[in-house]
Amino acid sequence: MKPTVLNAPSNLRAISRSLRTLLFGVMASVPLLVNAGTTTAEVNTTGLAVTDSVVKVGQLHSATGTMAISETGSIQAERLAIDQINEMGGILGRKIEIIQEDGASDWPTFAEKARKLLVNDKVAAVFGCWTSASRKAVLPVFEKENGMLYYPTFYEGLEQSKNVIYTGQEATQQIIAGLDWLAKTKGAKKFYLVGSDYIWPRTSNKIARKHIENVLKGEVVGEDYFPLGHTQFGSLINKIKLKKPDAVYSIIVGGSNVAWWKQLKAAGVTSDKQTILTISVTEDEILGIGGENMVGFYAAMKYFQSLDNDNNKKFVAAFKAKYGDKAVIGDVTQAAYLGPWLWKAAVEKAGSFDIDKIAAASPGIELKTAPEGYVKVHENHHLWSKLRIGEALADGQYKVIYESDLIEPNPVPKGYQ
Amino acid sequence: MNIITPSTASAAGAPAWRAWIPLAALALFILAVLPLCLDLFRLNLVGKYLTYAFVAIGLVLCWGYGGILSLGQGVFFGLGGYAMAMFLKLEASDPESTKIQSTPGIPDFMDWNQITALPALWEPFHSLAFTLLAIVLVPGLMAFVIGVAMFKRRVGGVYFAIMTQAFAAMLSILIIGQQGYTGGVNGITDLKTLNGWDIRTDHAKYVLYFLNAGLLLASVALGQVLLKTKFGKLLLALRDKEERVRFSGYDVAAFKVFIFTLAAVLSAVGGAMFTLQVGFMSPSFVGIVPSIEMVIFTAVGGRLSLVGAVYGSLAVNFGKSYFSESFPQLWLFLMGGLFIAVVMLFPNGLAGLADSVRGAWQKWQARKAGQMTARGAPRTPAPPEDEPAAPTALRVKGGAA
Amino acid sequence: MDGMSFSEFGSVLIMQGFNGLSYFSVLLLMALGLAIIFGQMGVINMAHGEFLTIGAYTTYLLSVLSSTYAPWFESYYFIAAIIVGFGVAFVIGYLVEWLMIRHLYKRPLDSLLATWGLSLIMQQTFRSTFGPKEVSATLPAWLMGSYSPKEGLDIPLNGLFVMALTLALTSAVAAIMFYSRWGLRVRATTQNRAMAGAVGIDTAKIDRLTFALGCGIAGVAGAAFTTIGSTGPTSGSLYIVDTFLVVVFGGAQSLLGTIASAFSIAQTNSTLEFFMTGSIAKVITLATIIGILLLRPEGLFRLRVRK
Amino acid sequence: MSSARIVLAVDNLSVSFDGFKAVNDLNLYVEQNELRVVIGPNGAGKTTLLDLICGRTRATAGSIKFKDMELTRMPEYERVRRGIGRKFQTPSIYENLTVLENLEVSYPRGRTVFGSLFFRRDAAVMERVKEVAELIYLDERLDDAAELLSHGQKQWLEIGMLLMQDPELLMLDEPVAGMSVSEREKTAELLTRISSNRSVIVIEHDMEFVKRIAHRVTVLHQGKMLAEGSMDHVQADPRVIEVYLGH
């Protein structure tokens, strides 16, 4: 069975050549550690797919099925980062080759493909997964076969593994600062929590409730969950109207998202009448919802496409140059983009592709070139990052209206259990 | 239009041992050829696909022979798998390894869902004996109840198919919704040991593969014996002439309930073996999509061939795995096309093709010998028609009084 | 209820009542096409969800086209989208019947499997054509607001629209089936195919048009659902489960059954959702449906016919 | 007539389909060892009557008693086990089983699920199969697949399948339809032979054939009994002539 080896096809290479000047800014800020002299025997003592000129990595996302909607951005961002790294001469003098696998939105398939990448292809790192379910499915495989996964999605936390670097926020990083902002600027005391019914929204709302009740001394006037894929939110909207919360805290995901926001608008719930803060709508989702249906509502993320800094401008330009002017970049897409860069930094710091050495070298790594500004890997393999509040605009972008300090990741928060 | 003729009936008169040749060949293939040719990773995949074959042979019995198309076999596969997963999860959740939880000693996902004591439903799954019984009895009982409710009221055909589909949808929504008790959409993951025996080692993988293959071969053999009995003949008879069987003094519903329940139990065994080999169980097996896919394994292998169903499961899954690796954008087209082609052009699947080839060969041999008897003539496989007598209320077409 | 006046409470009650009706229209609209095909031909179209999606993508395309080439048309394109959505789905349905379904009438179970294969192909076609991400049609302002006769009472316009559309479509279908010559032929074919053929009804044509009509209605529903839901390659799968439940619960062959079933499921779910969390409401609704179906597997309505 | 035992008593039987009364307040009594032929124009309710007796259709009102047992609430297979056999209009046999298997499957032993699983083809079965096969002129064809039989032979096979059960009441719906002249002859012989020790109800259109086999004839019209008696008697009845010759 011959895997597709995506070796930066020549036309892509031509495009990226023309981008070289543009990319140079990104490259220049990263120390060039092209070290073609190291022998493979030195940098790879564990039989990974590393030769003198090539290192193979895996990419494991859903290209088909219901999750392809969300995971496409991550696939693109990881590709972009790897192309850029290859343009710069690769890692330890070796070009990166991608072996792409389709998880097909099916968790057992993720586990199967993860095993294939680690056992058969012996890839040096895997960039992939999106949903918690797919991560949970592959985690035992990564731990058993000792692989390294760069996981991009903001998620519920409650997990920490030597074999995973979490480049998205764990729950507390996304929630607490956002609630503080609501309480401070909107004077919110009464909160209504809604979510899709699975682990991430439930865990996030659990943390939110503790914070609202214990720290903000506010009140949760309602908490509702809907099956994934639910499309009727009329009753919920009426309940919200009845309870009149100061703020609605929304973690509705997937296909339900579109229904939820459209029905809010149709029920006359607009941003001048009701404050809503969501942690589950990135620019990617707005494509499906329609910017005009979200105007004035808030999202709490670590990254927005409109972020005004040089790193981000270069990143957005490169992304659009590669994937077209209409491409949008959401929080997870940016987090996925960090994965290859963080891996590169870790490999170079460790001077080796060996998983154990990378795992040990990762904490403390900084990425000053990150589009979100600056990130640093924590001992617990999550990233220090900031939280930002964006206000949705009609064109589908967010206007950043608040930015927190760097927040320490705390995946297993005490006092919030 | 002709009604499909199963090879068992057409082989009447041939020595009895001849009927066992395909099974012997299959045994050779999965017990010797595959383990010798494949590395452990691929063999483990085969093992996983063979667990679907349990469902497929159940479908041969209940759909191919009994004419009962269930689009909810994933329910039974899932129930078997979940029962096994519950036992393994409890074993993996001993207080020592879960000490960082708020409530140590319960599965991690319960802790995340603020459950502070093991639910009563889970308690008996501390016992392996109970678990093994539950794997068989829970899905069996459920199929029995559904079967009695449906078949006694003469619900059949397409209506039964979408009813089972509705059940599959409901159960998967229930499992996903009750995440505190079921692990929700993540399923039950991170299973480690069975009575202290680590199921993740290479050695364990080999052992489980052969256990699985052995059970599967035994199930196929059981199915073959079953089809040889009067029960088997009645099954075929009631698929084609349900009224005639009923008016020959048989309680048709009881036969349907039995075969549906048997298919469910087989699926559940497959599910349990899946959990053991893959190391987790997820609600994605319970829904509509996997249930229909399993019907396709059967259709591809040949809906009237138990052995064919096993090959079908292997072929479709390897195809899926290969195409999704090599042409990720194309494989849905290929899968969809395969479905349509099998249904429209090769309703007897691989087994039917094999029969045609054998028939053509015999014909050629016969012609060479200058004689051709009527009995030796190959039967052109005609697509089977669904039971001509759909239930009263649901009957839509044709049929004179 | 603190700080809630009696009139405000009344408004919520009215909105909640409207919500139940609106959910009912959505379910009925979803299931109508499937119910027609199943009722008249005994074929289950597993690609029903994808025919809904065809309608949704048609709306999206027209939205893009009108905003690019004919901005003056932007507030009205939606009406056109519904008609075009019907047309596109109708034509594709017609072709599917001709290429596939008609060869499988003697094997309804196989037609179910073949249409599932078709649904896979259609999903991937959407994905290859429109990309894997969801898209959003820009909906005219007159559809996306609310009618607010007084403070605190908002009736969603899209809900009103879907209700009106459902009412119109259901009446049209009933009128065609029960009062037109064509409907008479359809019913004759359903009851006795051989005899209908013998008296000169072109039963093959009747089948093809019935199937195409069912698909066309799905297209209309899909176009209408862009006001309340998402448009993506797999959006159809969001609706398909509910659709099956409505049809199964309603019983096979009667339009009335489908209507009654959509109504009872919608009211139960919408009321329960008001008093408890959505996923528990769904579980209770499903459990009730299971219970009733086990006692009465033929669904709510059945016809008594001579065998 | 009163001396003979009544095997089947149908009293005030009615069934309606959405308002249409297919059988309307019908009374019918069949004696032991009687061969009764039911005739009547299309739509008279003949087949529906058989359906009602064997349980394929449920009665709306009235009673059906077989050997003084009330049948109307009994499931079909129970009625068969009590001794009622029914042959359908179009031959209903198992095409893909052999003649032998067709007969064997109809043998009244191993009728439960588990009974059928452990059923063995023993000497008693084979003896009965041979006996019946001879009766239905198929003793040479036992090992042939049933689909290879001619139309008439299929009709006989179905009758043979019923005979395997040794029913006390045998109901045949148009047994000679589509048969050649010689096949009709043989069928008439067969019917005469088998009615010697059981009651038989036959639906038939062919008046010559009816005349040849019938002990008594019942004429149905619009779900009601129009006339009953010997063939000569009913043929002379002006109402029957009216119905058959029409307006």
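By letter and in written order, the chains are A, B, C and D; residue numbering begins at 1 in each of them.
Quick note on the criterion: contacts are C-beta pairs under 8 Å (C-beta built on N, C-alpha and C of every residue); 3 or more make two chains touch, one makes a residue touch a chain.
The model shown is predicted, which means the values in this text are computed figures rather than measured ones.
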Using the stated contact rule, I'd like to know whether A-B or B-C comes out ahead in C-beta pair count. B-C
Max Cα-centre separation from chain D goes to chain A
By Cα-centroid distance to the whole-protein Cα centroid, the innermost chain is B
Distance from chain D to chain A - Cα centre to Cα centre, in angstrom: 75
Whole-angstrom distance, CA centroid of chain A to CA centroid of chain B, is 38
Whole-Å separation of chain centres (CA-atom averages), chain B against chain C: 32
Note: chain C sits from chain A at a C-alpha centroid distance in Å of 36
Pull out every residue in chain B that's touching 2 or more other chains. 173, 177, 329, 332, 400-401
Residue list for chain A, restricted to those that touch at least two other chains: 63-64, 197, 227
Considering chain D alone, which of its residues make contact with at least two other chains? 48, 51, 56
Within their complex, chain B touches chain A through residues 39-41, 44-45, 48, 100, 102, 108-109, 112-114, 173, 176-177, 179, 184-187, 189-191, 200, 278-280, 282, 284-285, 321-322, 324-329, 331-332
Touch list for chain C against partner chain A, complex: 1, 3-4, 9, 11-12, 15-16, 18-19, 22-23, 26, 124, 127, 131-139, 144-146, 148, 152, 154, 156-159, 227-235, 237-239, 269-271, 273-274, 277-279, 281-282
Show me the residue ranges of chain A that touch chain C in the complex, using the header's touch definition. 63-66, 68-69, 72-73, 197, 223-227, 229-232, 234-239, 241-242, 244, 255, 257-259, 262-263, 265-269, 284-285, 287-290, 292-293
What part of chain D is in contact with chain B in the complex they form? 47-48, 51, 54, 56, 75-77, 80-81, 85-86, 88-90, 92-98, 101, 104-106, 108, 110-113, 116-119, 143, 145, 147-148, 158, 161-162, 165
Residues of chain B touching chain C in their complex? 1, 63, 69, 71, 145-146, 149-150, 153, 155, 157-159, 161-163, 165-167, 169-170, 173-174, 177-178, 288, 292, 295-296, 299, 329-330, 332-333, 335-340, 343-344, 347, 383-386, 389-401
